Amino acid sequence: MHNLKAIIESLLFASDTPLTVDKIKAILEVKDRNAVQDALKSLAEDCDSQERGFFLREVAGGYQLRTRPEYRQWVRRMKQSRPARLSRAAMETLAIIAYKQPVLRTDVEHLRGVDSGGILRTLLEKGIIRVLGRKDLPGRPMVYGTTKRFLEVFDMKDLSDLPTLKDLEELGEAWPNDST
Amino acid sequence: MHNLKAIIESLLFASDTPLTVDKIKAILEVKDRNAVQDALKSLAEDCDSQERGFFLREVAGGYQLRTRPEYRQWVRRMKQSRPARLSRAAMETLAIIAYKQPVLRTDVEHLRGVDSGGILRTLLEKGIIRVLGRKDLPGRPMVYGTTKRFLEVFDMKDLSDLPTLKDLEELGEAWPNDST
Amino acid sequence: MDQQDQATYRVDLGDLFEGPMDLLVHLVRKNEVDIYDIPVALIMDQYMEYIKLMNVLNIDLAGEFLVMAATLAHIKSRMLLPVDQEQEEEEEDPRMEIVRPLEEYLQLQYAAEDLTDRNQLDWDVFIRCYGNGNERPDEEPDGLVQVSLFELIDAFQKIIKRVSPEHLFNITVDTISVKSRISEIADLLEGRGSVTFEDLFEKEVTKSQLIVTLLAILEMAKVQVIRIMQHVSSGIIRIFNA
C-alpha cells in the first residue's frame, strides 16, 4: 500500500482508543504484519526526531498518539478555558426557567421530578439565571428568572426570540433520511 | 519560547474546536502575533512536505488539524460511520439558508416548491443552522441563518468562502446536462 | 390488490422528485432546452406524463405538483392568445412566470452541489476524537457556556412530553412577550430599586405593548416579586422590589 505510514497516522489521529496491530491490519486489509509494525516504528521515530507536539505510545496492548508530557501545562490551560457545555439536567432546569419564569424552585422540581437545588446554584453562579424576588409564602421561597447573560449565551436580542412549542411543532418531525 | 511550533502542535492536537491565533496567544502568553503565525505556517508546511496523515486547515476563523481527505475510506472504515451525509434535499435547503440568510421558512419553501419544516428541524438539531430571531410579521415567524458549526462541517474560513451564485451559474453552464 | 401489496408498491415521491421544480429541471435538462426559451407545450406534455405515471405507480402526489401543472397550463394558454399589436412591447413573455423561479432553483442546485463537493467533516475529513471523555464538566473556571437555542427548546419539549396533561401550559409568542417585559422591568428595578408606573408605560406605543406591560406588572405582583405603592398626596404609583 502506498504511504502506509501516513495512512496509519491518520487512523491513530482520528481514533479515540489505542489501535492494535491486528486492528490496523484489518482496517487496511494488509496481510503483512511486519509492514504495519515497521510503519509504526518509523512513525514513532519521526515524532521524536522531528520534535512534534505528540508522540506514539504503546499502551493497553495498542498504539496511541498522545501530547508530550513536557507541554502539559499549556494543554491543561487550553482545556480549562474551553466553554462548558451544560449537562442535560442543567439544560432541562434552564429550559423550565426560561419558559415558565417567574418561577419557583418547587415548580422546577415538580416538573423535573427531582431535587434541583444544586443545579439552580450552578446556574446562578454562571449568571444565567437570577433571583427575581421572594414570594410571600411560608419560607419565603425565591422566584427565578433569566438574565441578560442568558440572552448573550443564546445570542438573542430579547426573550421574545425564544422559539415556542408551536414553532417547533409547526416544523414537524425531523427529516428521516438525515440521521446522524 | 522554546519550540513554539511543537507546543502549538500539541494544542491543536488536543483541541476539539478550531483555535484562533488570539486564543493560542492567550494560552501561551506570547505577545508576538507574528511568531504564532509563522509557527502555524511552518507547521502547515511540515504536514504537507512530510506527507503526514493529517493537515492544518484554516476553518471557522481558526486553525484545526484534520485527516487528509485522501485517506477518507480507511478512517471511515475505522469509525464504522454510517453515512452521516446530508440528503440532497437537506443540502438544497442548507444552500438556500447559507445564501439568503436571514431567511424565513416560507422563503425556503417558496424557492424549493415543497414543505421543508422537517429538514429545517434536522438542520437545527445538527446545529448547522440556528434561529436568528423573529421577523416583525403576523405570527412573528422565526428567521434562520447558518452557524459556526456550518463553517466547520463544510470546511470554510468564513461565509465569504462561499462562491457567488453568479460564479456558480457560470460553472454550472459548463455542464448543462449534468444529471441530477 | 390487497393492503400489503399496495404498501409494497408505494414509492416515496422524495426518491424520485423532491418537488415540482425538481421535475421541471429534470425535463429541461433531459430535452436540452434553453430555460429562457422553453417550449412550454412540449414540457407541459411531458410533465403531465410524469404526473400520470406517478398516479399509476400509486405515488401520493403533493399538491404542489398540481399547482405547477395548472401554472404550466395557464402559461400555455396565454401563449396561444393573439398578441395585441399596441401592447406588444409592454407585454411580458408569459413564460417569465416560470423562468425566474427556475433560474433561482438552478442556481441553488449548483450551490448545493458545491456544498456537497466540499471536504465534509466526519465524512471526508476527521478531527481528533475524545470518545466518552468528551463530556465537559459543568464547573468551569470562567463560567462560559456553549449551548444553542434549539437545545433549550428541545429540552423543554421533552419535559412537556413527560409531565401529565393537567400540568400542561401554553407557551405562545404572546406569553413570551410578557416574560420578556418582566425581564426588562426586573432589570430596571435591579438598577434603580423602584420605578414609577408612568415610566414603564412612557415609551410604549402600540396598544398590544401597553397590554404586555400591564400583564407583566400583574404577573410580577402575583408572584410577589414587586410591590405596588401609591403616594397618598401626589397619587403617583411606584413599583418596588419586594
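Per-chain residue numbering starts at 1, and chain names A, B and C are given in the order in which the chains are listed.
By definition in this document, a residue touches a chain if its C-beta (ideal position, glycine included) is under 8 Å from a C-beta of that chain, and two chains touch if they have at least 3 such contacts.
Small disclaimer: the values here were computed from a predicted structure and weren't measured.
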Identity of the chain that, by mean CA position, is farthest from chain A: C
Identifier of the chain whose CA centre is least distant from the whole-structure CA centre: B
Between chain C and chain A, distance of the C-alpha-averaged centres to the nearest whole Å: 28
Centroid distance [mean C-alpha coordinates] between chain C and chain B, Å: 22
Chain A-chain B separation of Cα centroids, rounded to whole Å: 18
Shared interface positions of chain C, touching two or more other chains: 14, 126-128, 130, 148-150, 154, 173
Shared-contact residues (touching 2 or more other chains) in chain A: 10, 13-15, 81-82, 155-156, 160-161, 163, 167-168, 177
Residue ranges of chain A in contact with chain B within the complex: 3, 6-15, 19, 27-28, 46, 50-54, 65, 67-68, 71, 74-75, 77-79, 81-82, 155-157, 160-161, 163, 167-168, 170-180
Of chain C, residues touching chain A in the complex: 14, 126-131, 135-160, 162-163, 167, 169, 171-173, 176-177, 179-180, 182-184, 186-187, 219-220, 223-226, 241-242
Residues of chain A touching chain C in the complex: 10, 13-17, 80-88, 90-92, 94-96, 98-102, 104, 110-113, 122, 125-128, 130, 132-136, 143, 145-146, 148, 153-156, 158-168, 177
Touching residues (chain side chain C, partner chain B) in the complex: 14, 18-22, 25-26, 29, 32, 62, 64, 68, 101, 104-116, 118-128, 130, 134, 148-150, 154, 173
Chain B residues within the chain C interface of the complex: 13-16, 57, 64-69, 72, 75-76, 79, 81, 83-85, 88-89, 91-92, 94-96, 98-99, 111-115, 124-125, 127, 130-131, 134, 139-140, 147, 152-156, 162-163, 165, 168-169, 171-172, 176-180
